[in-house]
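Okay, got some structures for you below.
In the two complexes that follow, chain A is the common piece, with chain B as its partner first and chain C second.
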Partner chain A sequence: MASQYIALPKGVSEKNFNAAIRDFRKVLGDTSVLTSAEQLAPYIKTMMPVPDGDHTPSAALLATTVEQIQKIVAICNQYKVPVWMISTGKNLGYGSAAPAERGQVVLDLKRMNRILEVDKDLAFALVEPGATYQQLYDYIKEHKLGLWLSMPAPSAIAGPVGNTLDRGVGYTPYGEHFLFACGMEVVLANGEVLRTGMGSMPNSNTWQVFKWGYGPYLDGIFTQSNYGIVTKFGFWLMPEPPAFKPFVIQYQHEEDIVEIVETIRPLRISGVIPNAVVIAHALYEAPVKAKRSDYVSGPGSIPDEAVYRIMKDHKLGIWNVYAALYGTQEQIDVNWKIVTQAFGESGKAKILTEQEAADDPAFAYRAKLMRGEMTLTEFSLYNWRGGGGSMWFAPVSQARGSETLKQMALTKQIFAKYGLDYSGEFIVGMRDMHHIVDVLYDKTDPEQTKAAYQCFDELLTEFSARGYGTYRVNTAFMDKVAETYGPVQRKVHKTLKKALDPNGIIAPGKSGIR
Partner chain B sequence: MKKAKLVNCIFGCLVAIIVTISSAWSAQDEKNSPGFAWKDGAEIYTKICAYCHEAHVGPQIRNRELPAAYIRAIVRNGNRAMPAFRPSEIDDESLIKLADFISNKEAQH
Partner chain C sequence: MDEKRRILIKGMVTGGTLLAFGIPTIAQAASISQTLSGSTRNCQLLLGNTPIDEAFAKGAQAACSRYINYHHSTLPAFPLEDALLTNPLRIVDLLMQSRNMRWIAVMDYASAAIFTELVRNFEGRLLSLGSHMSSSGDDASFPTRHVWTSASPLYSSGRLLASLLSQNQHDFSIVENFLEQTAIDRAMKDSSLAGFSSYWLAEQPATHLHCAGVSPLEVGQLIGWKTSENWKSVSSRSDESSNDRDKTTAGATIKQLRFDNWIEATGYAVVATALGMETHQESCSSRAFVHRSSQRNPDHRELPGNHFVSFVIDV
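After this line comes the complex of A and B, so read on.
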């Protein structure tokens, strides 16, 4: 007899799953437990080069309260049914809303979307997992709170909880999002509700203002992990500065990345440039202005000669450094002098401000990202190859020019082998760089899909062999990346998992942890 | 094996007890304010669709007389690079309003 489900959790019989679904319905009501193929369609689509069947859920649960989640984990423990949590479900290029393993039940927290508190004076927010950046943006405007958000490229349709828990980044001075997290509420696998840090103390009013609490700091173990279900999340917001000056610095040669990084590092560490600066390659910015098909046809990577034509036609550097100054006009004037002196020294840099570049579509969307305005323009990237294939390759580099050059050259070499284009950027942290490369391919083309998979696999192998670790990865490659960090870390992760979730019901496979 | 079963059994019992105890604590703390809800199709279009479809990222979809059923299907299933949108993001009722907004010429002016 054919199954009434489109997938089943690993090791769970249909009979037991029926019983679990019946109990989920008692908790949530019939309309919030989705099991049909039509209902689950939006949970299946990913941008990864693997069959959809590998990541097809068995059901989706639309919870709205902490109490419901406590009851859900009790049912999961009883029937050994695993859940995969999503908040806004827009982890595009990392797995979208689909679970890591076939048959897992998606616990969709999007409807838990309340903004519980935004404190104007102390500049923090407390939100539920489903709250989007757009909601927060509108709330802050409506209440005239004078606070800025930091968000990743999907901005409006994504949210701070999912992004920060996956340790994502943005582009303002608060761009390293987890640095600005402050207090979580977590439903544990045994149904207990933990409030981290100061939140553990009854009547405390310092949950969102002091991160550490007392004893071992726990928030970190609930990021990129499967040790609990985060149901409330606090984080700090940036007070709107009196003045803001975005700018772009263009360079013409790929090897200039060395000079760029060597110039930026001291400015970033000293705080002269406070935000998460982006050093974007021409091919990362080109899709906003140009069509690939106007410059190249047929298989293979785009030749350098075509890239130089794109740069010339669309006023791009091979490297485009987007940064901004924030503060009073006096502060900005002083820091601007320091920045222009530093970058002006070699004579290679072309510095543009809003005065010259306000109408440039690439500059315009970058300026928006650096001030926390909603924009999805970066996703022009997806038009470069078309066909909806994308994976983010995200190795970490030292903020040292020679290292960034090595990483870029190695990435480009591997991409060329598989006929893919290097669409890369470096996001400058305090001392590191997130080297972010979009592996773009046409998912409707089986050959390109196969090449993209092999390319990504080789990138991970070659980078880890040189000691370059990946900070975040899509659900198809989580085990492989976990392996690169060695057996001791994996063992510790597993030990924690066994202690906190002995039945393995919370997102098994997340970050390779089971 | 027996030991593992016993541990699981104890864990299961603990879950039941803890849920009973701590649900009262957390329920007290839950405020009854409702979550976010869409006002109308225009709001959804502006706050989701327009960021791509009015920004040269996705194709123009207004003024093309696209059938409402087609719009609803694409929203739920996605299409190439366009992500799928779940009923938890855009509920079925709001999706009808959104599809009407996009396909109805009068609503556009």
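After this line comes the complex of A and C, so read on.
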């Protein structure tokens, strides 16, 4: 007899799952427990080169309160049913809203979307997991709070909780998001509610202003993890600066990346440039202005000749460095002099101000991101090839030019082997660099899908062999990346998991932890 | 702190928005599939401001005009004047105003990534999601490829599209994945197409294959399925006996239909299915139609380099 569910959790009989669903409905009501194929279909689509069936949920639960979540984990423990939490579910290119393993129940927290507090003076916010950046943006504008957000490229439709918990980044001086996190509320697998840091102390009003509390700092173990369900989250906001000066610097040769990074590093460490500088390759920027099929067809990576034509046609550098200065006009004037002197020294850089690049759509969306405004323009990447395939490859390196060149050369070499295009950017942090590469492929083409999988697998293998760790990855490759960090770390992760979630009901498989 | 200080008012794209307005979206969406049959009053076409809009809409309107129970002559179309990337609020407003509506939407991959998220946040019912691609190079297995994920075979457009494309000598692959196997009282051979041979996989009987001009042994590699020698043949139909089956519920033989290009044909198939005109469904979990023509239609325009995504959703 056919199952009444489109999938079942691993090791759970249909009879037991029926009982669990019945109990979930008692807690949430019938309309907040989704089991039909039509209702679950929007949770299934991923951009990964694996069958969507590998990540099909058995049900989705729409919770609205902490108390409901406490009851849900009790039911999960009783029937050994695993849940996969999403806040807004916008982890596009990292697995989207689909669970890591087939049959897991999606615990969708989008209805828990309250903005609980925004403090203008102390510049912090406390929100629930479903709150979106757009909500916060509107709230801040409406109340004239004079605060800026930092958000990732999906901006409006994503939210700060999910992005920060997956250790995502933004483009303002507050762009290293977890660095600016302050205080969480977490429902543990046993149903207890933990408030981290100062939140554990009754009557304290310092939960969102002092991170550390007393004793071991716990917030970190609830990021990229499955040790609890975060239901409230505090983070710091940036006061709106009196002046803001975005700019782009273009270079014409790939090997110039060495000079670029060597120039930027001291400016970043000293704080002259306070935000995460993006060094975007021409093919990362091209989709805003063109489609791949405008230039090439047929198999293989796009040839250099076509890339140079794109650069010429669309006024792009092979490297396009986006950064901004923030502060008073006097501060900006002083720092601008330092920046232009540093970049102007070799004569290779073409420096464009906002006035000079205002009509460029690539610059326009980068400038928006650097001042914390909503834009979805980066989604244009998905039109480059079409076909719906995308995976973010995200290795980390030291902020040194020589490292950058090595990483780019290795990436391009592996991409060429599989006939894919290098669409990459480097994001210069305080002392590190995130090398972000979108592995774009046509998911309707079986050969290309297979190539994308093999390409990604080889990237992870080759980079880890050279000591380059990946900081974030999609759900199809979490085990592989966890393996690259060695057995001791995996054992510690597992020990923590056993202690906090002995029945393994919270997101098994997240970051390779079960 | 005041935890009840702010319930969402201005937020976009969350199911909580609808709740804040007291609108139980799930309950309302459920009624549409009961009411749609026999009427397209609740069905609209959303065109995502892409180069294929016109061709898709032409095919969609052709389907609509053949729908004999339809009370109007055209399917209401809502063109987005700008892309979802630049103005997502427009589509948010549109979805919020929709009640008991079946939307057939077509857009590029960038917009589709955003639209999928909006559909989930609005707790819409996604009946089918199609990915449609035409390549100009010689790298692809087939120049025209369609991959659908549908809630069940009831929402499958694959067979109808295959019948349309094969008439025009297209080379194509259509792969369909169904999230649930709706029980349909119909033998597989009743769903086969003239000129196609039909098979089911011995180790996975719910995997069905219909192919023409290519052997089932070759198909696995070409469409991304595991290669298998265990395809079991279903008795083929002769062309002569096919006329009675190649009909829509509207009574129009699909052999009379001619389209300028594959995008029009896709528009026809998607809309005809959404309107309930396609009745030759079969109970299976995966299905493919693969066609390699022995002759190329010189008048046929494959429009290489075009790609888009289609949605059928109830909100």
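In this text, the second predicted complex is superposed on the first by the 514 of 514 C-alpha atoms of A that agree within 3 Å, B and C clash if a C-alpha of one lies under 4 Å from a C-alpha of the other, contacts with A are read in each partner's own complex, and residues count from 1 in each chain.
Keep in mind that, in the parts below, a residue touches a chain if its C-beta (ideal position, glycine included) is under 8 Å from a C-beta of that chain, and two chains touch if they have at least 3 such contacts.
Remember, predicted model here, so these are calculated numbers, not experimental data.
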{"item": "Combined model on chain A where chain B meets chain C, clash or fit", "value": "clash"}
{"item": "Touched partner set for A:G53, first chain B, second chain C, both or neither", "value": "second"}
{"item": "Which superposed partner A:A74 touches (first chain B, second chain C, both, neither)", "value": "first"}
{"item": "First (chain B), second (chain C), both or neither touched by A:D445", "value": "second"}
{"item": "Which of chain B and chain C A:Y43 touches, first, second, both or neither", "value": "both"}
{"item": "Partner chain in contact with A:V193 - chain B first, chain C second, else both or neither", "value": "first"}
{"item": "Partner chain(s) touched by A:G387 [first = chain B, second = chain C, both, neither]", "value": "both"}
{"item": "Touching partner for A:A2 - first (chain B), second (chain C), both, neither", "value": "second"}
{"item": "Partner chain(s) touched by A:Q135 [first = chain B, second = chain C, both, neither]", "value": "both"}
{"item": "Touching partner for A:R114 - first (chain B), second (chain C), both, neither", "value": "both"}
{"item": "Common interface positions of chain A, toward chain B and toward chain C", "value": "34, 38-39, 41-45, 47, 62, 64, 88-90, 92, 97, 110-114, 116, 130-131, 134-135, 138, 156-157, 376-377, 379-380, 382-383, 386-388, 443-444"}
{"item": "Partner chain A, residues of chain C touching it in the complex", "value": "1-8, 10-16, 19, 24, 26-27, 84-86, 88, 108-114, 116-121, 123-127, 129, 131-133, 135-141, 145-147, 149, 151-152, 177-181, 183, 221-224, 304-305, 307-309, 314"}
{"item": "Residues on chain A engaged by chain B in the complex (per definition of touch)", "value": "34, 38-39, 41-45, 47, 60, 62, 64-67, 70-71, 73-74, 77-78, 88-90, 92, 96-97, 108, 110-114, 116, 128, 130-131, 134-135, 138, 155-157, 189-193, 288, 361, 374-377, 379-380, 382-383, 386-388, 390, 443-444, 502-503"}
{"item": "Chain C partner contacts - residues on chain A that touch it in the complex", "value": "2, 6, 31, 34, 36-45, 47, 51-53, 56, 62, 64, 88-90, 92, 97, 110-117, 126, 130-132, 134-135, 138-139, 142, 156-157, 291, 293, 297-300, 376-377, 379-383, 386-388, 419, 442-450"}
{"item": "Residues of chain B that touch chain A when the two form their complex", "value": "7-8, 11-12, 14-16, 18-19, 22-23, 25-27, 30-31, 33-36, 47-48, 51-52, 55-57, 76-89"}
